[in-house]
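Across the two complexes that follow, chain A remains constant while its partner is chain B and subsequently chain C.
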Partner chain A sequence: MRKRVFVLSLLFMFICGSLMLPGCGTEESSSGDGGVAVEEGGEITIGALLPMSGDLADYGQNVQKGVNLAVKQINEAGGPLGKKLKVVFRDCQSEPTALRDGAEKLVNVDKVPAIIGPMIRLDVATPVASANHVVLISPSNTPTWVTTLDDDDYTFRTTASDAIQGQVLGQQAWDCGYKTAAILYINDPYGGGLAESTTVSFEKLGGKVLGTAAYDPGEVAYRMQLNELAKGDPDVLILIAYPESGVVIIREALSAGLFDQFMFPDGMQSTQIIEDVGGDFLEGMYGTGPGAAETPSYATYLDDYQAEYGEKPATAYTENAYDGVVAIALAIAAAGEEAFEADPGMAIRDNLRVVCNPPGEEINAGVEEFKKAFQMIADGTAINYEGAAGSIDFDEYGDTVTPILIWKIENGDIVPVKSVLAEQ
Partner chain B sequence: MVNYLSSYLVMACIYAMLALSLNMQWGYTGLMNFGIGAFYMVGAYTSAILCGLPSPEHLGGFHLPILMGMAGAACMAGLIAYLVAIPALKLRGGPFAIALLAIQETFFLIIKNESWLTNGVWGIRDIPQPFFSLVNPRFYVFIYLIIAIVALTLTYLSMERAVNSPWGRVLRAIREDETLTDMSGKDCFNFRRQSFVFSSMVAGLAGAVYVHYTGFVSPQTFSPLMSTFLVWLMVMVGGTGNNRGVILGAFLVWGVWVGSDFITNLVPASVATQIGFIRMFLVGIILTVTVLTRPQGLLTQKLSNIQLIEEEKHA
Partner chain C sequence: MTDLVDLLISGLVYGSIITVGAIGLTLMSDILDFFNFAYGDFFTLGAFTTLAFLSVVPGQGTFAGLSFGWSMVLAVLLAALVTVMVMLAFDYLFFRRLRNMGVSSLFMSIASLGVSFIIRSIIFMIWGPKVRYYSSEVQLSKEFLGISIRPDNLFILLSSLLLVAAVYYFLKSSRIGKALRSVSDNKALAQASGMQPSLMIMCTWIICGILAGVGGTLFGIQVQLNPNMGWNFLIPMFVAVIMGGIGSFWGALIGGMTIGITEELVTGLIQNLVTAMELQINVSAYKPAVAFIFVIVILLLRPYGLFGKPQFNLKR
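Then we have the complex of A and B:
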């Protein structure tokens, strides 16, 4: 009996200990219960909810680099209101239950006023964040329904809705001279949403989508879906996929002689497909992807990123996360003392459009520009942040319209053709 | 902090209900159910469809009271368990486990692909939450904590009542020696089915408690790792065949699972990106240490009345 009591009390201590950890980890940064993450010494803590493990771990870890770069540059520029910006990272494990838990941690334990993320499933984090007046800026949650979430205007995103990329993808297919198409998409919210908007756009122009099919990643063969889609002999296969399965699908379609023309969205914008399939087979195929307009802001971002990490961003959305952090920092600066009072989240929410939307002096990415921005905000001049991922002008729903890049496979490499701005 | 602690406790209560359900099957009846998540999922979706708001995208929008949704979830999970039991319970041990694993995968694919029914990968949103308008949404978690604790207590009491009844003793007899029980004139198949259906209903109820907490459900929530294997871990760590033990196991394992994230603040930034793997590592260590040092789990099985009497005699 005594032994059991001992084991039990040991256990109890362990549980208490593991739950107390957050207490000691953030004691300094959450001064009291005012709900404001401001330190005496002048630090402002914001949160980041990214998939550091699970299916999207690759994206999460690269996006983290984008976030860290932004924080570093903002701090080099003096920081909002002369305070240092700090980020707490929480892992959402690419999974809804853990995602909600991560959001709860950031909101209730770290008491941050704003969060970068989540990369997927904004609808899970939104109820937690908006109830507590915390701003969410997702770098990558593209589905169309994000627009209409019941979020009390606390949800923003720095990437374009799938509706926009679908529109451009359909338009490009039509411009390439294809009259009929088949669509094969990955069975997730991204694939489904994009397939739908592409179909609408392509058919509006007069094209005909002969068949659509969904696939689950990680299977050995996709012959069944491909045979089904090849009926009626469509001109092109629009393949909404990620490289791992995408490569398998292209190989099968080619070797069975079912398709020889393809079009790709951002998920396939990777040199891996050319290496694995062979550039000869894919020569001249077109695709679309987010942002990457040849703006000075993006060029600066790319240079700074390479200087910091010694490589190009390995996945998409790093610049979108970077813009999210910068937008928050500028909004805090614009909010002034309000950002430390009772409701910092609301102050940030209300100032995001002030610093990101026209009118105002255009501010690009980079330390020098941020210095200028903080100075101008202090002087009371209006500014308009032009981000690395696009111009970052939030509409009434918190959505942005980022440009869509059209790219082409040429001589075994992905070559940008042009950037288009679609109307929402 | 208190808010977060409450949200941790709500999820732990839901997992504890699942662990109790699995404990009845594995701990008391000896059914190696590797598909417990399927019934959790069925319960979650049933309640979501019954109580959800009308939507053109999927079946549902019946907007029934939440208690009806919970009852419906339990009934639907029970019904499906009854049907599954007909072929599956002919199997025992490993083959039964594999059959249930396959059944979970089948249900997962159905829910993922039949979007007229479940809205597919997009999931169902705006599921009503009980007493939501009573308080500031910021403090809603406290109200839900009460609901979750009530649900867990009711489950625990009914489980205890069930396993300590003559019915429960038959289950344990089946676990120990099925042939012998058969020879004592008990219809083993029937008893195993009753145990299977009853505990699946509890899993379905846990699913309903989950969806009314999050107000949202999508197939990703029910990956085998999160909905089945984590529950197994809780049962094994807590103490197979001890209801209080598995509740403890659920609180402990879920605490480590989500609590390991807090270590991020304490380790160097270069290691912080690997925190996901550290979590897996920690959970693995817990399992290994438990199996090596306390194979019966933290709290061992309570002795039956007969054994207790005998012990007293010897003492």
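Then we have the complex of A and C:
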């Protein structure tokens, strides 16, 4: 009898395991036989660690499209060193535990030399990747502390630091005519850092932040924070949040009549919030996010994206992820044979600045440009990739200065207003 | 002062949703004799089936200032029915077999953890990971007797009160209810006096299914529908059960309300105090911690819960 129970329980655990849909499953198969990812046989596999479920699922699923577009175009252009680029996707569920697990699987099981992602919490993924000489390029991890991570130079990002976004957010709040503000931020490193830089920028211009409060995602009610923040009747609530809890907060603030003016950072730059809040309560509100300046590179990217998926990118950061993939592919091409030897990760790391930073011939997004780039690398000519998200020039910390977009909600849609290139 | 009233209402609403869930959970833990970790996902299932029925039943539109119409009542009843059916199906296919094998409570609890993953995965497959809402309209607060409250909140308070009262009446007055209570008091004696265990178990599942179906829907009205909502809500529900004492109706009621009100009101009071002392601390972000410290203090004073039977948490 005991034995039967044991067998049953094993069987059960197995079924549960295989049924766990949001689990850390591989979404697209890798090279198949598992061996070394950088193979001589015509394929190069890199990894992507994105939130396909959880709070950031909306972002993850759209960013995946950006990654897939880049891979497709790189391969159409012939691929780095004539080999086919492949991506293994792993879901990090918007959660640190799953994120670490996913990073470990990419490093130890899939044995990839470079990873696109994670979207948040580079601090969790960096120790796993850098110790194993794997390059991480985050499309969206904006906090200021990413700059100083102890990463042996294996961590890069294709988006600007929050020091810059906060500066623009505070500036925009002031430009909108708000004299006083309240800030409600998600209680994590992203929220705290951005709240601080926004406050500094807004107060420097003469504004006054009357109150700052934090929230824990997934709460049933946020009445306490909202009541606290409404004291002194500030002109605007700057809501540094992600859509899932952000919408609940906006609805509560509106229904209690505490706030009717809001401003949002990149975390809320999703059409989902307009749809879920309903009505036209958010009409005319402003926000900031990563935003490409109107460069030829970005125009090509938008056209190609639209041609591929029949819609424009629904969330931010798709172009940043695209640039990450392209940078890796170009770096592999520049590394040449080194990208297949003992330490492909280090070879990619050492060549990222070679292909992305000046001096060199400027290379934009798009298949034709990539063809040209591969040819020039083969010829030994220096190139400088000008990405869709910005000029993607990595500094000594692996940071880039990309422009910040100011957007506005108009007729139930997120409309870009202008791109600002701030100084660090 | 109005501040505190706002927080009290917010806490009452939260507490009443916990209570609806906790009463089901406490009955189940007592009569079925294991901690059902799948209960939270039945909660989610109830909320999502209500969403599914909402678009097909008659009575659309809005009613009496609520953000939904009569269709909600019909949809909730159907959803509760579905939740009960699914629960009974899982019991028949799964828990019944384990019970007949005579496995321990611990094993049953672990098995229920597996069931919870199955249900959640099914919900993910059908509805996807996206967050949903019953109504896309923002409801503005209205004045009732000088208190500003959302009609939806009033609906949640009233319907949970009604449901809890109905369950109380059932347990107190009906034949089956009395039998259930006697099983809870002394299983061996109840069985010896001719109570059918299988019938008692079925009744428990039915009551718990209704509570889960309605509770999940109330949570969905107040917050949002999210495939992980029930799983995350399991913690406050379990804490209410343990704080009140396993198997105690009044314990679950008072435990649930205490957690709800403490999280909102007491944390608010502490925040006021901290602000008055000019300290730069955001107590608000640590609401659950404040409530749980309170629970720990209560359990230190009464390890078997407020209304629990002393033998429960001690060695049996």
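To be clear about the criterion, the second predicted complex is superposed on the first by the 326 of 424 C-alpha atoms of A that agree within 3 Å, B and C clash if a C-alpha of one lies under 4 Å from a C-alpha of the other, contacts with A are read in each partner's own complex, and residues count from 1 in each chain.
Throughout what follows, contacts are C-beta pairs under 8 Å (C-beta built on N, C-alpha and C of every residue); 3 or more make two chains touch, one makes a residue touch a chain.
A quick note: this is a predicted structure, and the numbers were derived from the prediction, not measured.
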Partner chain in contact with A:E244 - chain B first, chain C second, else both or neither: second
First, second, both or neither for A:T180, with chain B first and chain C second: neither
Contacts of A:W145 with chain B and chain C, given as first, second, both or neither: first
Partner chain in contact with A:T315 - chain B first, chain C second, else both or neither: neither
Which of chain B and chain C A:D91 touches, first, second, both or neither: first
Touching partner for A:R223 - first (chain B), second (chain C), both, neither: second
Which of chain B and chain C A:A256 touches, first, second, both or neither: second
Partner chain in contact with A:K105 - chain B first, chain C second, else both or neither: first
Partner chain(s) touched by A:R121 [first = chain B, second = chain C, both, neither]: first
Chain B/chain C common contact set on chain A: 4, 15, 19, 21-22, 52-54, 57, 187, 214
Footprint of chain A on chain C - complex, ascending: 3, 6-7, 10-11, 13-14, 17, 98, 101, 103, 107, 110-111, 114, 117-118, 121, 124-125, 129-131, 133, 135-141, 148, 150, 219, 222-224, 226, 228, 232, 264, 267-268, 271, 275, 282, 284-288
Chain A-touching residues of chain B, taken from the complex the two chains share: 1-5, 7-8, 11, 112-113, 120-123, 125-126, 136-138, 140, 214-216, 218, 220-221, 223, 226, 248, 251-252, 255-256, 258-266, 272-273, 275-277, 279-280, 298-299
Residues of chain A that touch chain C when the two form their complex: 1, 4-5, 9, 12-13, 15-16, 19-22, 52-54, 57-58, 187, 212-216, 218-221, 223-225, 227-228, 243-244, 247-248, 251, 254-257, 272, 275-279, 281
Partner chain B, residues of chain A touching it in the complex: 4, 7, 11, 14-15, 18-19, 21-23, 25-26, 52-54, 57, 61, 64, 88-91, 93-98, 100-102, 104-105, 107-109, 121, 123-124, 127, 131-132, 143, 145, 150, 187-189, 192, 214
